[in-house]
Amino acid sequence: MKGASFTERLLRNPPLLTFLLVALVWIVASLTLRGFGAYGHLRYILELSAVIGIVAAGQTLVILLGGIDLSVGAVITVTAILLPLISPDWDPTGLVGIALALLIAAAIGFMNGVGQAFLKVPAIIMTLAMATFLQGLLILVAGGSAVSVTNKAVILLGSARPAGVPAGIILWIVVSFVVLLLIHRLPIGARLLALGANPLAARLSGVDVNRNSLIGYTLSGFFAGLAGMLLLGMNRQGYVGIGDPYLMTSIAAVVLGGTSILGGRGTYAGTIPGAILLVTTTALITVVNASAGWRSVMFGSLILALLLVSGREARR
Amino acid sequence: MSMAEGMGSLYFAIQRRRNRGLVGLYLVVGAFLVVYAFMFPGLLTIGGFSKFSQNWFPLALVTMAQALLMLNGGISLAIGPLVSLGAVVAALTMEGPAGVLGGLVAVVIVGLGIGAITGAIVAYMRLPAIIVTLAGSFIITGIALILLPRPGGFVPDWLSQLLAGHTPVAFGILILVVIGWKLFLATPLGTGIYAVGDNPVGAFRSGVPVERVRIVSFALSGLLAALAGLFVAAQTGSGDPVIGNPFTLNSIAGAVLGGVGFLGGKGAMRGAICGSLLLSVMINVMFFIGFPPVAQYVAQGVIIVGAVAIPEFARRWRKA
Amino acid sequence: MDQATPLIEARAVSKAFFGNPVLKGVGIALRPGRVHALLGENGAGKSTLINLLSGALQPDDGEILIDGKPVARLTPASARAAGIAVVQQELSLAAELSIAENIGLGAAPRRFGMIDYGALSRRAAEICGLVGITEPLDLPVGELSLGRRQMVEIAKALFRQPRILILDEPTSSLSAHEVAILSGLVRTLAARGIAILYISHRLNEVQSLCSHVTVLKDGVVTADQSLAEVDAEGLVRLMVGRDPGEVFPPRGTPSGGEELIDIEGFSAGMVHDVSLRARAGEIVGIGGLVGQGQEDFMLGLYGAIDASARRAMIGGRPGPFAHVRAANAAGLAYVPADRKKEGLVLPHSIASNLLLPSLGTLMKHGMRDRAAEAGLVARLAERLTIKGDTSRAVQALSGGNQQKVALAKWLPLVPRVLLLNDPTRGVDVGTKREIYHMLRSFADEGKLILLISSDTPELVHLCDRVVVFREGAVAAELPREAISEEAIVGAAMGLGAKDRAA
Amino acid sequence: LSNCIKGDRKAPYSVGWANIYSVPTWMKQTEGTITAEVDELKKAGLVKDLMITDAQGNAQTQIQQIQSMIDANLDAIIVEAGSSTALDRVISDACAKGIAVVNFDSLVDTNNLTAKINTDSNEWGSSAAKWLIEKLGGKGKIIVMNGPAGISVSDDRRKGAQPVLDANPDIKIITETNTEYNVAPAQEAMTSLLFANPEIDGILSLGGALSAGSVLAFDRQGREQVPITGENARQFLELWKEKGLKSWATMQPNWLGALSVYAAVQALEGKDVPAFVKVPLPVIDDSNIDGYLAKAGDFPADGYIYSPYDKALFDKLLAQ
């Protein structure tokens, strides 16, 4: 559009805005806080963001299609605990274990989709119940204790740094590439968006609601599994509860990135800086010397302030 | 003509219709209550019923607080922290010179005030409620922790006895709250909650003060959550800065179980209240059946899905 | 009467959206007792002007006067206080609230600060009687058909006892019967001294009801005159600015093409035991009072609701279809009546909406071929004269242009059977003409067109055959020679279609 | 007779364990000691069944579950409290019904119960602080790692350290953290702190998993380890050995659970159980760490290596 000024265009581009916000926070923080802007630290922030970013990839898809996935935390935990347990000894590469674990994660997502599509259970209830269910199952399987990983590929994923770039970040880049393609360059992306914005019109336009919901939830399960695997690699240990912190953060990253929580509008391009923003904020608050209460207040206020900038366009 | 029925009959006819989609849920909840009463006949005594309803009461209040927002097209992730803050404020003020009355006033102000501020941010800045309240949840938790870094404070024993003793006062209050809600719904502002939730533009053009409705619903929701906190303080005799946190997810679960839609304008409060009752009675039934913790988690997941899926299937089956 | 002070007047108002001017120095004056028509093509700015007059939008420039006095800032509330009521083109109802509550929304009688349900019930009943709403007042509006919701919308406006009543395409989804009721009502209200602004694309209505007209074109007023000496053609000329030519295309001779629909004992929703055969090259009209199963019939054919049949060959494949995709695969396309709820993904761009059904057909290297898609969108926009940037949200289009998008999106799939549910609802006369000619040429190309219409003249002049539904069954099937308004209405009302046929 | 005991309950007894949250490994291990003890007592004909509830972290649910245990008229209730104040009233109710109530680890404020069994959290904090300060020669910059805010255990440990820190003004607290008692969040927080603080002389960690997370953060960032306090978490003890840390640790024995069941049954049997059973805190240092590590294989990877226990030990502790 020719009429629109630069700022106007910027304001209408939540992903870009969120990216600029991240840059701004980084610059201000490194000028004021010793050590914050160190290359190593920023790299570490990105590495942590990768986990959130990958879970939030699935969350983005599901939210775009008008749903929500409250089971991602549980799926991460399931993957992180099951992967070491099911990696067969005869496979030195560890890839078989990974494939199995991701299959399980995707199957859980698929079940969520089935609940949605065929049992007509609202997403929020279906996935919440699934999380509770998995919690019980896990205690049963793992007896509630942590398992250490010996899977070669997973350890490599958590520790390798080809050309100084942590493997987790590389994985995230790949995921981003795939998800952005999926949303913007494949028919399914447009179908998910249409479903999220108006399921009835989409159905009458020949979009198969059930099938696309199934695909969306399955992918969400898959990406949560992928994140669980990365987390396992970074921690070397999976335990019950390891995925819990990623539920709310994955949703927050999506919304901070300008995607409508009601579905039908947004892109993963916003989620990426959204995830970085969240981790950055947490890191900032951690180094402030204040009581727990004050730190909590500061964290909330900072999120709110960032939202005022990046979330402006996300009106209903 | 049939519609020229008597005066109040329109009101009751509207009410009757709202029950239709909820029959399935009523049956599920009823079945659970029967099973529970069968296993624990003490439920049917005054004392037993009192205790049961006291344990359900705060969940019922927060579910109403959540449903109120969801009907209006909003949602709050700060319900739990607000319960904590309500409990903290009650426990801190009631032991001071302000006394119980002062404490009550303080809790009411805190609930209404925080709710209204949140509502104003959502309504005027046009930010998504889910993330505003997520940020709010950290801020409110922080305030509760600053006010009362560790559990403590004090609520006079007579108040605890009154609200959470061996009489069903809490249940009575719940009924009053429901009546209050019905009265509110019968005000133009109350009807506006549905209209704004369903079709904000249309409501605006019909002369409904959309922003004011949003703010009022957040304020009332905040009030309910803070009052739930006051009750928790009375029930436990003290304040705890983190006690309310789990209520957030439970309030959403209760409301959605009760058929309240995510997008606004869909559902009824009675459904939400029923949903919260199911969540509550489920805990007792599982205990009396003697489920081990693992089975409790699994069963809970299955029951929740079933409670939504079974009525849906029944509906489809009846239609076919 | 024209000398009286206008109850409301807009002087030189302008309005732009995101820098695109929609109204440029427009003036209009509504006087008591006058039915004033506001005409203009789709997107001319009629609804926008109304939004200014009712306080829903603020003008960028110019002023609004009520009773001759300028008002600083008109809001919906202050407009209502000044006696202005609007029947919105975009329905402003809340689905979960009852008919009565909707009617009273924002203006309900109160007692002790609460809605006085007794008084509401009485007054709403009175008005419903006036406009012919017979459904129980406690029924949630969400359970009503589009046409009935429109009636509720009208009742809602009347409930406010307006001095100034603005009707934005009030009849676009009404049946003939409902239109008659409304016309009578409008006359009565005007006789009582109420100023009425009437927007419609049905020029016969305008002609019979209105005494004055303002015509908008490209954001400016091109006519502001009495309708006294203007005849039907003159009206069209006023609006289009030139001679429009025949509205309805000439009918050819039915070619006896391939049989594309052959159903027997077909049931779906409220439709039961319907039999129908139809061939390529035909335009088959489906008439009847609103809500007699016409829509269920189409949805059933389209696989969108459960259907059963003793025998069904649809598009050359055995039906009924279990899914929309199966219907699409058989060459069926469906254009719903409620374009906002069912036809379009409003917040998405025109381009995305146009591409939705054909996603996956334009692929390159396994990915969407953006260039090909852009070409397709451009061709469709051109063919249906959808002007402007196709990356705009379809929401921002005027009603008529939205309808074009809802139709155009199917063309790339080259459907053989078009199921059209009131496709010209709210479409301006010029565009209507285009659509009629397009439908005829589709038929000539060998497509079969099933057309539900609430506009009886459309059935009479466009269709090769009309099937009239009543209570979920076919009440009459009128061959070309037998089609007339009387025959259709008669059959629809259950007045001896069979006797006549005999 | 012990507190709450009325002498009209007869063996075999039914016992309830009201757990706040069953998921953390510490809890799993503790449940193991409880079920093992119950098996013993069953053999002795003293216990007939054990009911376990899991409040899923919700103190409000825990109240409800304890109420159900009262309703079911269990003979003994073992409580791992989700709030130091919230359960006071329901526990008092149980006590009034003659139920033996024993509370361990995470304690409640009320004394209306049969016994509280715990180590001394204040002493935990002060001993840790003393050791660290001595190690640092009374001077240096330290970071304090706490468990979750608003929880009495973490709060009590921190409080115990305060007087010691006050007495040593040359010890500077750079900053404090609050995280769950889990490795990953602790490691994440410490990593950020390492970037922000080039000079750190010691870590006052008040939880085993927190210590492990801290050590891992130092290790991953290639920073030289500093003196750190901790707990008998297997992972921490192993890191200590592996990295040759300068460390000190203590232990919150999981068999507090078993001891609680044992104490409850003793009380029901008419024995005199002291109202507060103080379990001494052991010191783990370079001199005895090998003894702990030798048994590591018997414990979960993220579990706690607790010292052995037997009836004799229990009797001795109960005889104080």
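By written order: A, B, C and D. Residues from 1 in each chain.
In this text, a contact is a pair of C-beta atoms (placed from the backbone, for glycine too) under 8 Å apart; a residue touches a chain by one contact, two chains touch by 3 or more.
Owing to the predicted nature of the structure, the values given are computational and were not obtained by experimental measurement.
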| item | value |
| --- | --- |
| Between the pairs A-C and B-D, the one where more C-beta pairs touch | B-D |
| Whole-Å gap between the CA centroids of chain B and chain C | 42 |
| Gap in Å, rounded to a whole number, between the CA centres of chain D and chain B | 35 |
| Cα-centroid distance, chain A relative to chain D, in whole angstrom | 34 |
| Junction residues of chain B - those touching two or more other chains | 144-145, 149, 241, 293, 296-297 |
| Contacts with two or more other chains, residues of chain D listed in rising order | 22, 149-150 |
| Graph class of chain-chain contacts, one of line, ring, star, complete, other | other |
| Inter-chain touch pairs (all) | A-B, A-C, A-D, B-C, B-D |
| Chain A contact footprint on chain B (complex, rising order) | 73, 77, 121, 125-128, 130-132, 134-147, 149, 200, 241, 249, 252-253, 256-257, 261-263, 293-302, 304-305, 308-309, 312-313 |
| Residues of chain B touching chain D in the complex | 40, 42, 48, 51-52, 55, 58-59, 144-145, 149-153, 160, 164, 232, 235-243, 246-247, 250, 280, 283-284, 287-288, 290, 292-293, 296-297 |
| Chain A contact footprint on chain C (complex, rising order) | 18-19, 302, 304, 323-325, 328, 334, 336, 341-348, 352, 355-357, 359-360, 363, 367-368, 370, 389, 409 |
| Chain D-touching residues of chain A, taken from the complex the two chains share | 33-36, 38, 40-41, 44, 48, 135, 139, 143-148, 231, 235, 237, 239-242, 245, 282-283, 286-289, 291-293, 295-296 |
| Residues of chain C that touch chain B when the two form their complex | 54, 56, 76-77, 80, 86, 88, 90-98, 100-102, 104-108, 110, 113-115, 117-118, 120-122, 124-125, 128-129, 134-140, 156, 306 |
